[in-house]
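Only one structure is covered here, and it is reproduced in the block below.
To keep things simple, chains are lettered A, B, C and D as they appear, and every chain counts its residues starting from 1.
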């Protein structure tokens, strides 16, 4: 029924795997409209997270997620570090003390996480940032759960919305982050942060799809 | 019968022409075993000489040649500047006050010129330098004149010997000049200075071949 | 990729070790988290100045640590903003009781990380001010974007506020010098070739043999326009026009003219650039009273340059001339 | 060819004009013949020091003109020794009555041109001494060849004998300092890429993406060997071995370690190189008491580096630390 602490750890591990696999891809996306480091940054951060995980694997989900967030803040750097750090720290705060997450708990955690990113980065939808993947993912999750969809289905719809949001960044002109320096020249390229956000939500859908 | 002052000026002009035409070729040869400037240096020097020539065109041959030498010294730089400068200054000293050169006068002038180069640069035959073109040219001139050959014929043999000497530098390991830093790696390349020396002697043969 | 490196992942660490071995009289290097700090830090009663940013811009910032300039620098991974823990520890290490100034280049990552660090330091009881440098006229400014990047003026601002701190000015006054420098400085850069990020291993962008990129950033970010390679004098005019058009000052003013190499352009070319930049500035009635020419804020081995014009007044001239003793900038001592 | 130049034939001239515009407080530039001279030359009673060589090695030599270093520098065409008339006029311009020292790098052209100039200056009644620098261990020395090239030690020797002259030492003693530096200095260089001579327009040599040239000269002359690109630490070992093997000194001695960039290699890499060079030197029992890291004797935009080890004694340390105020090297004043 619910997402266990082990499931959360599994999600983080799978995220780390996907980010490592897509390291060069993310970097290439960032080379086109940024500074060619997003893949390396995320990979470095999640490798540090993997090292840290065993020390908190038996703790509550909130502690696990806060630890992930703090580790990312102190290892990723760039824009990704504070943003994803905040994402996980806020998700951790929202799940503080919990050993399992009901679908609604996950929705609340994701909401807190996404709001954290928005508060820190001040990006609006359409600014061509990770928000353009995260916000649709949150909305799709909420509406799937409202529709009474089982968790696995809701997660799939959430990941699919993130993917769509990611793709929809292609034509956008960036207004936040490094890509904004390019002005019009940023159009025609997919945002690297939206892409890594999609990978995180895809990992959740994959790893937790057994649950419902 | 004799080489006039105008002929000497013609020789210098033709030399300048040949050096300009072969600028890139000389530079390429110098790139292989030196520093890629011999063509530019010689061309710069002879362009300066062409500018200077009108001011001395009505002077005696010795003055013309000394002026060429001094102009080269102050515009060529590198090894070529002092060496070719000395070449012409010595030739000028040997022809001081003359308005025409008999074959023997030219032989003496060339001898003084080549000795000047040897004294200044301390190169021996086989060191892979301009001396390897100049010395055979001098010897061929002398022996042709000793054989009683007419001047045109002697000049042709002199130029041909310079050409042969130039080609013979290819297998040599350089012991003087910049190419010597390469040690064994200098073998297999034709010496740029021997090549420019050949051009000077070829110009003389071409321009003075009407005389005999 | 042709670089003098070992494992590309270790470049920053090994370069820091090289700095530590080379300059024990000027700096100490702390690892994990990484920061470079003045050998005699903290200086009691003096405002501490901390800067930092991605590596790959050397000598900025580590090369500017020392008497009369920075108290500490936090190097991130190549082209990646450092993290708040580095900044926090550096801030603690240089706090001499008079507060600490953070000099931050305006990149989203740098600003967010320094913000987090400043919050943490304040929670520790350290007074922290931040000044964000945003002098790059290549970027069109707007309330709705990330704004202009921080580039060449950063070097000048660090020298100036470093001198102000050394003089014993208060945190508020040191920050004021920094803000003044930022307000009076304008820069623009260009690239002939791309840099290659070590752990990426190939050039960040492709560029044709007869092309150049105008308005480039210092991270190999694409610039304003790609165009046909032009003669140096025309390139300088292309950089100077937007700078002059944006200047918050006028004919008759004194300026510092800074011609900066991006890393792969030899000094002989920077002097060719300086010649024309000086001529244009002078032609507009500006008086070039000070200058700086060389590789100070670089983009790895990128070939290209940037130009910065900074309006000067008597106080800034005095601060510029004040003694400085760092690995990369040194005079008067 | 990607360069910030106008007409390639005018690079040297325009760079000199840039220097003149930038440093009127330190230097004056004379054209036709070209030389750079200390703003306050001739300094009465002081030995004058003149150096020179082809352009393309900036900041050497023009960037070293000023108090405590050179009195004049004669820039030739790119990579081409200057001519005697330049040297003669420069010699006259710096003669303060105590004689003039010519610091000459050991290249056939430089030596012959300086010889002619020295003869002419002597005919003018100026006392001239010449010291030929030949520190490049990449070249196998022999009585029957042109001998070793003058490279990195030149920079150090010019600083040291410049300080000696500033102190008021005699021509003989200043020349002695220069000879001592040359006798105690050893260098070797390497390249990752070729330079491109402006008026040639294409790279001097071809080199594969995974190759490097060890024992390169500063004019793009081929080196000792071409080999597969190696990690920085291995490259440093390849440079240090021949240097250490040739050193006229032993464990326990004090040295200055100079890591020089060839023009296209960023500073971050030079520190990676310094790290290992320092480690190797220290491992052999040498005490690195001074150092210099940066682009000082370059080969246009060539990527690569050279390493110089110079034995130091108390007098050389004192001379090294003495104030110097030139466009490229400045401290203590």
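Quick note on the criterion: contacts are C-beta pairs under 8 Å (C-beta built on N, C-alpha and C of every residue); 3 or more make two chains touch, one makes a residue touch a chain.
Bear in mind the structure is a predicted one, so any value in this text is a computation, not a measurement.
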Subject >> subunit D reached from subunit B - shortest hop count over touching chains >> reply: 1
Subject >> Number of hops, subunit A to subunit D, where each hop joins two touching chains >> reply: 2
**OP:** Take the average of all CA coordinates in subunit A, do the same for subunit C, and state the distance between these two points in whole angstrom.
**Re:** 32
Subject >> Distance between chain centroids, defined by C-alpha means - subunit B, subunit C (Å) >> reply: 55
Subject >> Centroid spacing, where centroids are CA-atom means, of subunit A and subunit B in whole angstrom >> reply: 76
Original post:
Distance-wise, how many Å sit between the C-alpha centres of subunit C and subunit D, to the nearest whole number?
Top reply: 29
Original post:
Looking at which chains touch, is this a line, ring, star, complete or other?
Top reply: line
Subject >> Those chain pairs that satisfy the touch definition >> reply: A-C, B-D, C-D
**OP:** Please name which positions on subunit B make contact with subunit D in the complex.
**Re:** 27, 31, 33-37, 40-41, 44, 73-83, 120-121, 174-178, 180-183, 185
**OP:** Using the touch definition up top, name the residues of subunit D that touch subunit C in the complex.
**Re:** 2-7, 11-12, 14-19, 21-22, 55-56, 58-59, 63, 192-193, 209, 212, 229, 231-233, 235, 263-275, 278-279, 288, 291, 293, 295, 298, 300-301, 303-305, 325, 327-328, 330-333
**OP:** Name, in rising order, each residue of subunit C that touches subunit A in their complex.
**Re:** 33, 54, 76-85, 107-109, 112-113, 115-116, 136, 138-140, 142, 144-146, 149, 197, 199-200, 204-205, 217, 219-222, 224
